[in-house]
Structures are given as structure tokens and as C-alpha cells.
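What follows is a pair of complexes built around chain A, which joins chain B in one and chain C in the other.
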Partner chain A sequence: MATEAQLILTSDVSGDPTNVDTGLIPLYKAGNENELDQTTGLGRVHLRSTTNKVLFAANAEGNDLAAKVYIINKSDDASLYVTVTINAQTIGKLYGGDFMFIPWSQTDTSANIEVAATNWTSSTGDIPVEYALFHEDTDYLTNA
Partner chain B sequence: MATTTAQLILTSTDLLSDSLSLSAIATLTQTGTNTGITETTGLTRKKVTSTAKGTTSGQITLYTADDFAAIPYLYVKNLDTTPGNKIFIYDGTTSGSPLQFQLDANDWAFIPMHGDKTYKAYATTNPTSIEFMVLGKDQ
Partner chain C sequence: MATTAQLNLTSDITDDSLNVTTGAKPLYLAGGTTDVNTLTSVTKTLESTNQVDLITTGSVSTTHAYVYIKNKSEDASEFFHITIGSAGAGSPTDTEEIGRLYAGDFMWFPWDVNDDVCITPSVATKMTVEYMVFS
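Right after this comes the complex of A and B.
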């Protein structure tokens, strides 16, 4: 039994309601159908910094190997968001309740995944974030 | 009002000693509010025929910068079933580190985007089928 991921998207925005279901898809290593066999487990941090913090540190071995990243903003406040960057490029913004699930390409050692509680202030309260990494590179060490 | 939800399910019974059973459900709303999103590109399926970034044809544009008000939600899936037949999603430029992520066969991604970058796709193999959709608030 592999580790599997499934996305179900439903929407009645258009006249033809959307109901996308990927089904449970195994998380495989790059270029083959061997299962990803390592994980950070599910972690949780409370962000209280508007500057970027390294959530996952890239390493050279990870280039072209498979890695899947899950990050969710667990805040109940829809206005509080977490900025997610790779290689200093903003790739996502997670408002309260939003999640992302993407393959992570560790193209070089600068491809860290970093997060920031961009609109955090001392009066907003911390932004709880949960995260997990499933990967195949053996050199990976978390910096979270 | 329209309602749009995304649910992620992650499961494993043997990766760890403790079985993994995670479910996250997000209601997709307009930026910073509890108001549901109102627009979508619809679910699209195309063939990527370009095998390099920056080519004049054969790439697929998934999203054009600032087309939607932040935050546009992107769903994208590589429909190819042969391992190693990858699709590369990049920010439409050819300098710096434009690669956002790469999808191996059957891989999919879901991400609330920043929205200010154009996303294009090329593949290792011509052709490779891709499915994608953007949901959000048009501007």
C-alpha cells in the first residue's frame, strides 16, 4: 500500500457544475513506479514573522528526484495569509483555511521552500501552519 | 452564491508506524473574505507539444499574469501514464529560476497562486496531455 493523494474539486460557479476527482493516486519516485518511502511527518508551526523562514531546505541530491509538499494555513481568520516562496519567487499565498499540494523541484540549493506570515502583527495572533513532505532523496534534512 | 470547495485526502497505511489519514477541505473564497469565488476558466485538456521553455509554439499557457484578482486557484494534472514523461510549469520567462514545479506522469498539483505571473507548460515528450483549471475572481 503506497502513500496516496486525492483531490476533489467541486463548484457550481458555472452552469455545468464542476466535479473533478483525481482518485487516490500513489506518490511515486521520479521516473518509475516505486513508492516514495520517506516523510517528515505532519508538522505544525505558529508563524509570527513577516520575514521568510525556511520550511524545507533544498539539497543538491534532490534535484530531479520526487518530492511532494503539503502546506495548509490553519488560521480561522480569512484575512491572514502565508506567503510561500521558492528561489525567492512567490509561488503561492495561503489565506486562512487554504492549502497547497505540489511536487517540489529542488533545482538547486537555493530552491528552499520558505514561508512568511506577511500581514502578521502583534495584534493579529500567530498563524498556525501544518506541513508535510514526502520525498526520496536521502540527504534531506528539515530546517523547520 | 456559488460554492467551490477543494478537498485533499492523504493516506498511507505503511509509510510510518502510525497510519496516515489526512483530509483538508478548503472553501475557495475571494481574497481575504468569506465570499465565494465567481469565475473559472473551466476544465481544460490540451496537448503540450513543446519540449523546451521559451519556444514560440507548442507550449500551453495555463494562466496569464493578473488575469484574475488574487488569489487564483490552479489545478493542473499530467495525464500521461509513462513514468518520466514530465510536464514543466514555469513562469513564462527564460532567465533566472523560472521553473515553478514539474509533474511526472499522473502527478497533479493544487495551489492558490500569487497571481502576478504567467504560467506556461512544456514537456519532455511531444505530445503530453495536460488538464488544468483556474478558479477565482476575474478582474
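Right after this comes the complex of A and C.
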């Protein structure tokens, strides 16, 4: 089993073009080179609430274990954003088309990853969000 | 000026393999289609296990930015705690941990520039972190 992630950045903001290619990075369990072996698969929700909704429920037993989270705002409207928080701490806003890929420490059961369609209204339409979790915590689903 | 980011994910954990590619997504200023226009790129070597502010809110003049962080270590046991909040003289008490960035791992996320991005090495034996901020 192998799971790999690659990020490619290109920019001409500076005078000389900037190009970053991480290559395909294998996703390992915490502190060793054993591959992550569990996933939620790819999911999709349509957000229509300005209040926080739990996307991933933290399991404190995952605290010392590795987990990687992928979230993308699939809206075509660049003004529509999804606010992503962990334990009420805002990480950032995913505007239409934006994605994030982060490690996730389930430091305690309050460390849920939550999303809110903060500027949604009945006239904006739903905000589609796709997501996936790759992890090693065998108890994860018992807490979901 | 144009800046794009693309993520590719492949996994055969499930019997039917998973392949996700975002395509090259343009990075815009908050809420519009104006390209980001500022780039900061830093490589830093840390020699203690104290928590420090890696990216401060004062270093960015917008309320929306994109952050790339990579752990350059080649020792699988070495990791960084990545947190968000105010480091406060090495005390982690008022920060929320996002995750642990193990050797070779990278992370990419939008940042609302309300609180500093902080980092804590797992060992004091010269760990190198690389980061970029687009805003």
C-alpha cells in the first residue's frame, strides 16, 4: 500500500520565476517509514450553513499518530469561501477553487476539523467541498 | 503576474485506487480574481526545541495568504509541531496544534493572518524548515 502527495507551485511574482515541485512524497506513519494504511476515501458535502460543522471528529488516541487531511472548495465562485477551524482556532479561508493539505494532530477530542460556509446565503447556492483523510489510528471510526 | 498551486494525491489503500489532481489552481487575493503579488521564501535551521514564531502576522499585509511549509529532515523520527496562535516566549499555552510535520512532509493551507504560525522542533540537533508565503 502506498499513498503519495505532490505539490507543484509556480509563480512569477518575483523577477525570476519560482517553481517548487515536492515530487511524490510518501505518507508515512508517525516516526517511521511504514505507509499509512487507512483512509476515509474521497467525500463530498454541499455546505449551506454559516455555522461550523464537524468535517473530521478528533479522536484523542490519534494524538501521537500521523494523519493527513485534504480539503478543497469546489465552488466556481471566487468570492464564496469556507472557513476551516481546529478547536475553534481559525486556520484560514478556502475561496472557490482553493485547497489545503495538512497534517492533523488530534491533540484531544476538541481538535475537530470544522468547516463553515461563512458567507453563504440562500441566493449564493451551496458550496461543494471535497475532502479526504489518510491516517493510521485504528480507533478513529469509533469516535466519529 | 500569476501564481498557481497543484496537488496530486495517489493512494492504493483501498482496493480501488484513489487518484486526485486539483489541476493548477490560480492563487488570488481574498474574494476576487486578482493574482497574489507578494512572495516570501525562507529556509531556517532551528537548534532548540523551543516553540518559536515562524511566520508572524506582521510579516503579511493582507488578511488572506497561502502558506507552504516543508520539513527538510531525512530522519523519519524527526518532526515539527506546527501550531497557530501566539508563541509567547516559548510557551505553547495559547496555541492550537494543527499537526506534526514529519521528515520530508509538506503542508499547504490558506492562512487568515489573525495569529502567528508557530513551530516546535522535536529535537535540538539542527532541524531545517523551508517555508513560503504568498499574499
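In this section, the second predicted complex is superposed on the first by the 140 of 144 C-alpha atoms of A that agree within 3 Å, B and C clash if a C-alpha of one lies under 4 Å from a C-alpha of the other, contacts with A are read in each partner's own complex, and residues count from 1 in each chain.
By our rule, a contact is a pair of C-beta atoms (placed from the backbone, for glycine too) under 8 Å apart; a residue touches a chain by one contact, two chains touch by 3 or more.
Worth saying up front: this structure is predicted, and the values here are computed from it rather than measured.
Enquirer: Just from the overlay, do chain B and chain C fit on chain A, or is there a clash?
Expert: Superposition result for chain B and chain C: clash.
Enquirer: Per the contact definition in the header, classify A:Y81: touching chain B only (first), chain C only (second), both, or neither.
Expert: A:Y81 sits against chain B and chain C alike.
Enquirer: Who does A:A58 touch here: chain B (first), chain C (second), both, or neither?
Expert: It touches nothing on chain B or chain C.
Enquirer: Just checking: does A:A117 make contact with chain B only, chain C only, both, or neither of them? Give me first, second, both or neither.
Expert: neither
Enquirer: Would you check which partner chain A:I8 touches, where first means chain B only, second means chain C only, and both and neither mean what they say?
Expert: Touch status of A:I8: both partners.
Enquirer: For chain A, what residues appear in both contact lists, the one with chain B and the one with chain C?
Expert: 1-14, 18, 20, 22, 24-25, 28, 30-33, 36-37, 39, 41-42, 66, 70, 72, 78-79, 81, 83, 86-87, 89-95, 97-105, 107, 111, 132, 134
Enquirer: In the complex of these two chains, what residues of chain B are touching chain A?
Expert: Residue list for chain B touching chain A: 2-16, 20, 22, 24, 26-29, 31-34, 36-40, 42-43, 70-71, 75, 77, 83-84, 91, 96-97, 99-104, 106-114, 116-117, 133, 135.
Enquirer: Mind listing the chain A positions that touch chain B in their complex?
Expert: 1-14, 18, 20, 22, 24-25, 28, 30-33, 35-37, 39, 41-42, 66, 70, 72, 78-79, 81, 83, 86-87, 89-95, 97-105, 107-108, 110-111, 132, 134
Enquirer: Quick one: which bits of chain C touch chain A in the complex? Just the residue numbers, please.
Expert: 1-14, 18, 20, 22, 24-26, 28, 30-33, 35-39, 41, 64-66, 68, 70, 76-77, 79, 81-82, 84-85, 96-102, 104-112, 114-115, 132, 134
Enquirer: Show me the residue ranges of chain A that touch chain C in the complex, using the header's touch definition.
Expert: Going through chain A, the ones touching chain C are 1-14, 18, 20, 22, 24-28, 30-33, 36-39, 41-42, 66-67, 70, 72, 78-79, 81, 83-84, 86-87, 89-95, 97-105, 107, 111, 132, 134.
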